[in-house]
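I'd like to ask you about the structure that follows.
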Amino acid sequence: MDGPDISVDLCGVLMENPVMLASGVLGETGPSLLEALEGGAGAVVTKSIGPSPREGNPNPTVVTLGDSLLNAMGLPNPGMEAYAEELEWLRQGSEAPVLASVFGTSPDEYAEVAARLAPLVDGIELNLSCPHAKGLGAEMGGDPAMLEQVVRAVVDVTDLPVLAKLTPNTGDIGALASAAERGGASGLVAVNTLRGMAVDVEMAAPALANTYGGLSGDALRPVGVRCVHEIAGMTSLPVVGVGGISNHIHALEYIMAGATAVQVGTAIRTDGPRILGRIATDLRDWLADHDHSSLADVRGILVRGGHR
Amino acid sequence: MRSRPVSVTGVRSETPTQCTIVLDWEPEAQPGQFVMVWIPGVDEVPMGFSSIGPSAAITVQRMGDATEALCALDPGDRVGVRGPLGKGFELLEGKRCLLVGGGNGVAPLVPLAEALVAKGCRVYTAVGARTREELLFIDRLAGIAGPAPEVATDDGSEGHHGFVSNLALRLMDEFRPDVVYTCGPELMMRKVADACWERSIPFQASLERYMKCGIGLCDACACGRYLVCRDGPVLTGEHLRGVPDFGSFKRGPSGVKVPFAAPDGGGSIGIGLGSED
Amino acid sequence: MDGPDISVDLCGVLMENPVMLASGVLGETGPSLLEALEGGAGAVVTKSIGPSPREGNPNPTVVTLGDSLLNAMGLPNPGMEAYAEELEWLRQGSEAPVLASVFGTSPDEYAEVAARLAPLVDGIELNLSCPHAKGLGAEMGGDPAMLEQVVRAVVDVTDLPVLAKLTPNTGDIGALASAAERGGASGLVAVNTLRGMAVDVEMAAPALANTYGGLSGDALRPVGVRCVHEIAGMTSLPVVGVGGISNHIHALEYIMAGATAVQVGTAIRTDGPRILGRIATDLRDWLADHDHSSLADVRGILVRGGHR
Amino acid sequence: MRSRPVSVTGVRSETPTQCTIVLDWEPEAQPGQFVMVWIPGVDEVPMGFSSIGPSAAITVQRMGDATEALCALDPGDRVGVRGPLGKGFELLEGKRCLLVGGGNGVAPLVPLAEALVAKGCRVYTAVGARTREELLFIDRLAGIAGPAPEVATDDGSEGHHGFVSNLALRLMDEFRPDVVYTCGPELMMRKVADACWERSIPFQASLERYMKCGIGLCDACACGRYLVCRDGPVLTGEHLRGVPDFGSFKRGPSGVKVPFAAPDGGGSIGIGLGSED
């Protein structure tokens, strides 16, 4: 395409633009991943996949709160074997980059799933942060030592880049970032959802069957941008920014705060995944309007030490 | 849009396995759209509208926890509603329309028939059920301008003996409709669809998939490249052509593929999506 | 007043209604506290006061984000001596309950300020959670052991009820609540703001001079309700709910989740503190419409073990 | 409302210590309202409007970092603006109005005078400054229908020798205004206010307090029971009666009381709020 260069090399994953589909939003089936790539995503991340099928939590699993959302899907997924078929189907239709999001209940389980899916993808994202599935994700991902073990276990079984997705439900995201770096991660993704709850006052009931869910969308953006800025200032790993992005200005907030690429989840609900391509186009136009020849001109300009 | 509470103003038993729940709610809905109905402590499930207007209604086929809980509601009780969601039937003007409904799939066809008649269409209806007692809304359909509904029962206890898809095929050739609208078990709809494709008759079919978010986020309701909650539940013959899932498999709550059981080659008339395990 | 009983006994502080002015919003001067009480607050909390005057951070100190807000005031306050005069003035004009919010850089400093202000107020709230003033608040309040020490130091110097205000910037708010309980707190307040950041993309600058600030208002409510629900289910202390309340339905979310009273901050910016009285009135009307004779009918109905 | 970037289209030096910055911005502002002006990396400070219309302008008295940075801007540079904020002057119709401005406080009186004339008022103006060179907007005021501005300088280098408050007292008795509008050093305004109260002339005064949030949250700008950012900056004689702060003390950034220095009994003409320490 013409205009400023917005292509990205995310720890070896080459993307035409920095706008990725976030994990868990669509991405349970091959055709939905393909739709996101055709909609203009620079790369897609799969739904988080575990070793065996999981139905997730009972409904209601989502509550919309204006431009924000609470969800408690509970990591539904068809399991790595069935999911491998989805990826095989996708690979016949597209060569664009795909990251497999992986979760498990132990470092070994993470490694097992990553190893199974690795031949079919370009990178591994570790979901260390799902705030509403008991015994999974966040409980491991909130403890730096455990997080480091999980990362190391996965790095040991694959040559692909491994990105650790961090939880914002912590007093010290820097400690999590450092642990991931020590474990051998090639990159970081920040953030997953904040643990939240909504009450239906008329029904006198929690709005989610699971009571607690993860807060995403608009409300999350200030926390996500802060997390990216904090960790971009302290590690040398590339950071992918996620949380509340629904236009190119939001994407630029993250990029100026140090993000190499961004992911979009909740914002997909209005128009579907073509919003990914629109954000990329608007980003390019914005750079052109501001006389920048490349995204690199603005990336990380707010991070101590300047451009990254 | 957040779930909001609406009061139940009436509960009517329609057949031994179906009930209608009338709500104190006037949604701006199109025939074929759906709503996520929340029964706190039980479940939130997708339901089509069997009436649209000042008191919207849903008609429920008892299948399990949620549907039993719905039919056990009393006037004055409240449920949460999130919707209308999705895309309903496209209403054509001045056309000859054949509506084919199986089991509980007849429900959304009633407001559709009303709307089509209002648009100057001639509306033919074919209604199927397992047995005579389970025939739904024959009277309501008969009251809408157009020929009386044609009926099929699996056991032959009324009307055509056999599947409503077979009846529909006959009516297609007899009435030469410009368009076919169908809702019911997917194998039935697939038969109707194949017949329409053969005859180059455009059609619209209302699909069911497992639904969680209802707003195009979670991918639970995927049917090929479509999301039934966002692009449907009504999909057209053009949409469905080449979609391998249609009439072949749906997905369970985990995303695994669940083939449609077709022990007798024609599919059962029940509206169930089958269970994953 | 007529109608359902919405009076509250908050660990000995008797309030006509459960709607309080949150700390730091107005509350730097006696007349503003009086305005809030006249506007219908059941009680007011002062701005957080330290031992000596503090100017706070440079401007910009606030950014509005729709119905949410980022602030980095940086704990400006005139110091306990000058502030005591404000309270003396207030006490001549009103007998309604006042809580002094206190902060310091050490347990001793907290105790010193609390002791100085105690004779002028009905209770002490400990700000253990300001997310944007270095070395203060959150850094102590995020560490359970330190938090416990601060609470104990203050409890040792006053007979007034001492409420610990907790930060949501943690992976385990339950641990903070337990620490406060062990330290001898009479009640808990949840939550302070979430640490966040906004970027002004056109200016290519952080929107706050301090870069990071505290996120309050609408965006915070799901996190605040979740925190209250979590801690209400595990301690026997009364909990005050704060975060994103701008109407009685929001207040009821917190109350059903277990809050004994609520505080309102950001929502004051539109109409001033009379919104406090309006929320209280609407709460009473809602109870009447729903055939409840008292707030106790709905309080904590979503907390394990039912009514509290 | 979030700060948004606007371009500077012109910077004019008005006096040795004052400059006007013209913005590519058409705010819907009332005379007397203010805006928080952000110079990234420097400060965000409150400023009144010296022009309202298609290109709004602020007129800045050099005091320190922020005001120096503002006067050093070049056309094409951008600042952030948050506003218009607060409540401006109430515009009366067909009245005899006396406008009393000291130092940089003359700036918001210019759009006020224009608006009052448009409302059919007769507008008299009294303008004060330390010296002749610092007299602001005499020409702009002279161009607005009404008698030429009366002038006072502390050093007598032009017009009345002495404080503009003394000049104002004389004009009150001479012109018998229905209403007085004033902006300038608070001790000057307090003198004018006392004279108005004595004579039962209603008045409106534009106050300055230290501002942080600008939206009624932080209490930095408290003046008695009023918040200058929310209830002001323009407060009326009714508001101000009995407010102990008025003309007596303001609050520094920490909230401590800072008395207005009145070494010579009349207050200096500078617009400064004094420093806390």
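Going in written order, the chains are labelled A, B, C and D, and every chain counts its residues from 1.
Note that contacts are C-beta pairs under 8 Å (C-beta built on N, C-alpha and C of every residue); 3 or more make two chains touch, one makes a residue touch a chain.
All figures in this text were calculated on a predicted structure; none of them were measured in a lab.
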| item | value |
| --- | --- |
| If a chain touches chain B and chain D alike, it appears here | none |
| Label of the chain whose CA centroid is most distant from the centroid of chain C | B |
| Centroid distance [mean C-alpha coordinates] between chain C and chain A, Å | 34 |
| Interchain centroid distance [CA atoms averaged], chain C/chain D, Å | 37 |
| Geometric centre distance via CA averages, chain C-chain B, whole Å | 51 |
| Per-residue overlap in chain D, given as positions that touch at least 2 other chains | none |
| Residues of chain C engaged with two or more neighbouring chains | 65, 205 |
| Overall pattern in which the protein chains touch one another (line/ring/star/complete/other) | line |
| Listing of all chain pairs that touch each other, if any do | A-B, A-C, C-D |
| Contact set on chain A toward chain B in their complex | 24-29, 31-32, 34-35, 47, 53-56, 58-65, 69, 71, 73, 76-79, 82-83, 200, 202-203, 205, 207, 209, 265-266, 268-269, 272 |
| Contact footprint of chain A on chain C as seen in their complex | 65-66, 68, 70, 138, 142, 167, 169-172, 194-199, 201, 204-206, 211-212, 215, 218-223, 225-226, 229, 249, 252-253, 256-257, 298, 301-302 |
| Contact footprint of chain A on chain B as seen in their complex | 1-5, 36, 38, 40-41, 43-45, 78, 80, 212-220, 222, 224-225, 227, 230, 251-257, 276 |
